[in-house]
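So, here's a batch of structures to check.
Each of the next two complexes has chain A plus one more chain, namely chain B in the first and chain C in the second.
Up next is the complex of A and B:
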């Protein structure tokens, strides 16, 4: 079983496909769960504390907006932890609820810098593209080792 | 890890012609696990201890494995930071994202069916972008 980081980082389709083929998806949802269950982060709607932008300094420079650093405080450790990655380009919903384009660019950049197996595919818009999308992801996930790393 | 930390929520999105959200809910009610379920417009949300939720979700998925999709959710159902009951209505944060992906699920489900049957992928024909000179011609012809 390999820890696979997915981009968009809260994608239902990618998270499901990774789990379906026997690997562990590294997705935003789990990290958010850890975060919101932490004592001290209980002031809705804020889910982060002032510590996060400081932690984000490991991944983004100080002149980068605090929002990017705050997000990177959660996404950055996931990238460090990843043993493989699936990046979906041109996903229209990657902008909006997910936050900002700067974080997305930085996330993709940092994933590409890692020396891990990476699959990059385009978001499907038709049935043929959907088939190609699933086949590529399935073949990539099947090529990863299923045994637990010691 | 104590019990409180180990409570998880999974979103089960049903994009099946043969399974309804109520069927999934019934599956949970039949199980003896101590979990709660909430039906939503796209499927169900299952909350409970990690092992029980994973077991039940696998049972639900087995009902139509290529057309039922699952992902974990950070917030539990009814959490004040997300639940629209206390936020004055409107879609909850993250709903639009999920809706966008849900529209794609029939295609993904079909592709998974084809993958299981070892059908080779069809050739993709990308629509070519219009040439600048051609676009200029069109603009000028309308003047």
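Up next is the complex of A and C:
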């Protein structure tokens, strides 16, 4: 089983595909769920506090807007943890999105800097392209080892 | 405040929840009995809003911002005010935020405030702005008042000076102006001066209004009927004193600690900005310049009018390094007149660059606050904006007069 970071980072379809092929998706939903379920002083839980943009300084300099650094505080550690990546380019907003174009650029860049297997595919615009899209992702996921790394 | 209707404020933002400030936004709105609303939109509209609105922003959340603004303008979401906010230092967001603010202002009568946040933005930073927004939404009837009636007092407890006026039948009959040392003591002193000049006793006053940084403390002490932030009070005071109560106007208040630039229509603020980060753009800079030149602050203006700011090289707007530039110029032989002019220019240029970009300047431009009495300041502002700057009589008493005027609404009640 390989930890696969997906882009768009909150794509339910990509996350589901990764899981179906026996791997662990690294996705935004899981991280937000962790934040909400972790007992803290804020009630109701506030996902991001002023601490996150400071943690995001590991991935982006202080002149980068707080919203980018806040997002990177969640996304950055997932990129560090990833053992493989699937990037879908030019995806429709409904497929998944980070909301902020600057965060998108930085996320893709940091994934590409990692020395891990990466699949980059374009978002399909027709049924035929859709089939090819799923086929490429399936092949990529099948190529990743299923055994736990020692 | 709790007996008043809860104000619904539309939050038009591009991800304040990711910047760690959402909790602070919730806190400040709750403190002024308001509630943040996320305007409902049709998800499909996000694909076309870029073309429809006119800005094809790359960030989906900025498209969401535009779609939410449209929902407010079209009445799909029923709100009393709009708070537009985005990350500080984001160029794309700054473009969209400004245009969204203009769009709402042009197509609706809903009051709007706009702010760019960092993760350090706190509820306290936003308090005066949010208080003003909810007041405009909640008390339009009070702000519609154009004449003072009865015998009322206004106290403006500012960061540098405390001002008090007594008004009777639409006239100022007494005034007091003292430096702020201890908030209540200074307010009492200014109030007593005003009472003495007016020849009335405190018990005779029918209603009191307070404003400024010390408004809550002073208001509680004097059992004021009206405790109000400076944006609404100063707008009202400015158009009242300048006799421009109808139609558009722009009010600039250069205070001792911060500045306000307010776009006003019929005496009611529409868009406004508050500067408060840099002392170099405040009256404090002029105060320090006067001290360095060895003149009284009241003499600085006359000196500045005679000078040429171009003769002095200013390398920084900063109150520390800017003053250092002025000192260096004096050492190189610059005339005090030129240095005084450069100081006035520095303050207004910074206001122009940092605040007036977010407020549509409509004539007449009314300059108020203690700094407006320094003649070099309106002159520098007029030169920079290339329009006439109006300094109404008693412009330094703006907050106190606005408070006394609005407090008279409570006399009849």
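In this section, the second predicted complex is superposed on the first by the 140 of 150 C-alpha atoms of A that agree within 3 Å, B and C clash if a C-alpha of one lies under 4 Å from a C-alpha of the other, contacts with A are read in each partner's own complex, and residues count from 1 in each chain.
By definition in this document, contacts are C-beta pairs under 8 Å (C-beta built on N, C-alpha and C of every residue); 3 or more make two chains touch, one makes a residue touch a chain.
Just so we're clear, the structure is a prediction, and the values are computed from it rather than from any experiment.
Participant: Clash or fit: what happens to chain B and chain C when chain A is overlaid?
Facilitator: These partners fit in the superposed model.
Participant: Quick check for you: in the superposed arrangement, does A:75 touch first (chain B), second (chain C), both or neither?
Facilitator: It touches nothing on chain B or chain C.
Participant: Once the shared chain is lined up, is A:106 touching chain B (first), chain C (second), both, or neither of them?
Facilitator: After superposition on chain A, A:106 lies in contact with neither partner.
Participant: Which chain, chain B or chain C, ends up touching more residues of chain A in the combined arrangement?
Facilitator: B
Participant: Is A:29 in contact with chain B, with chain C, with both, or with neither (first, second, both, neither)?
Facilitator: first
Participant: Applying the touch criterion given at the start, work out whether A:60 contacts chain B, chain C, both or neither, answering first, second, both or neither.
Facilitator: The answer is neither, since A:60 touches no partner chain.
Participant: For A:141, decide between first (touching chain B), second (touching chain C), both and neither.
Facilitator: Once the two structures are laid over each other on A, A:141 reaches no partner at all.
Participant: How wide is the angle at the Cα centre of chain A, looking out to the Cα centres of chain B and chain C, in steps of 10 degrees?
Facilitator: After superposition on chain A, the angle is 100 degrees.
Participant: Classify the contacts of A:86 with the two partner chains as first (chain B alone), second (chain C alone), both, or neither.
Facilitator: In the superposition, A:86 touches no partner, neither chain B nor chain C.
Participant: Should A:15 be classified as contacting the first partner (chain B), the second (chain C), both, or neither?
Facilitator: Only chain B is touched by A:15; chain C is not.
Participant: Considering only the touch criterion stated at the top, classify A:6 as touching first (chain B), second (chain C), both, or neither.
Facilitator: neither
Participant: Just to confirm the value: shortest Cα separation between chain B and chain C in the superposed three-chain model, in whole Å.
Facilitator: The answer for the closest chain B-chain C C-alpha pair is 5 Å.
Participant: Under the contact definition given at the top, report the residues of chain A touching chain B in one complex and chain C in the other.
Facilitator: Shared contact residues on chain A: 47, 92-93, 97-98.
Participant: Which chain C residues qualify as touching chain A in the complex?
Facilitator: Residues of chain C touching chain A: 14-23, 43, 46-47, 57-62, 64, 86-90, 92-93, 117-120.
Participant: Could you please specify the touching residues of chain A with respect to chain C in the complex?
Facilitator: 42, 46-54, 63-71, 92-94, 97-102
Participant: Which residues of chain B touch chain A once you look at their complex with the stated criterion?
Facilitator: Residue positions touching the partner: 4-5, 8-9, 11, 13, 69-75, 79-81, 93-94, 96-98, 100-102, 104-105, 107-108, 110-112, 114-115, 121-125.
Participant: Can you check the complex and tell me which residues of chain A touch chain B?
Facilitator: 10-13, 15-16, 19, 27-33, 35-37, 44-45, 47, 92-93, 96-98, 124, 126-135, 138
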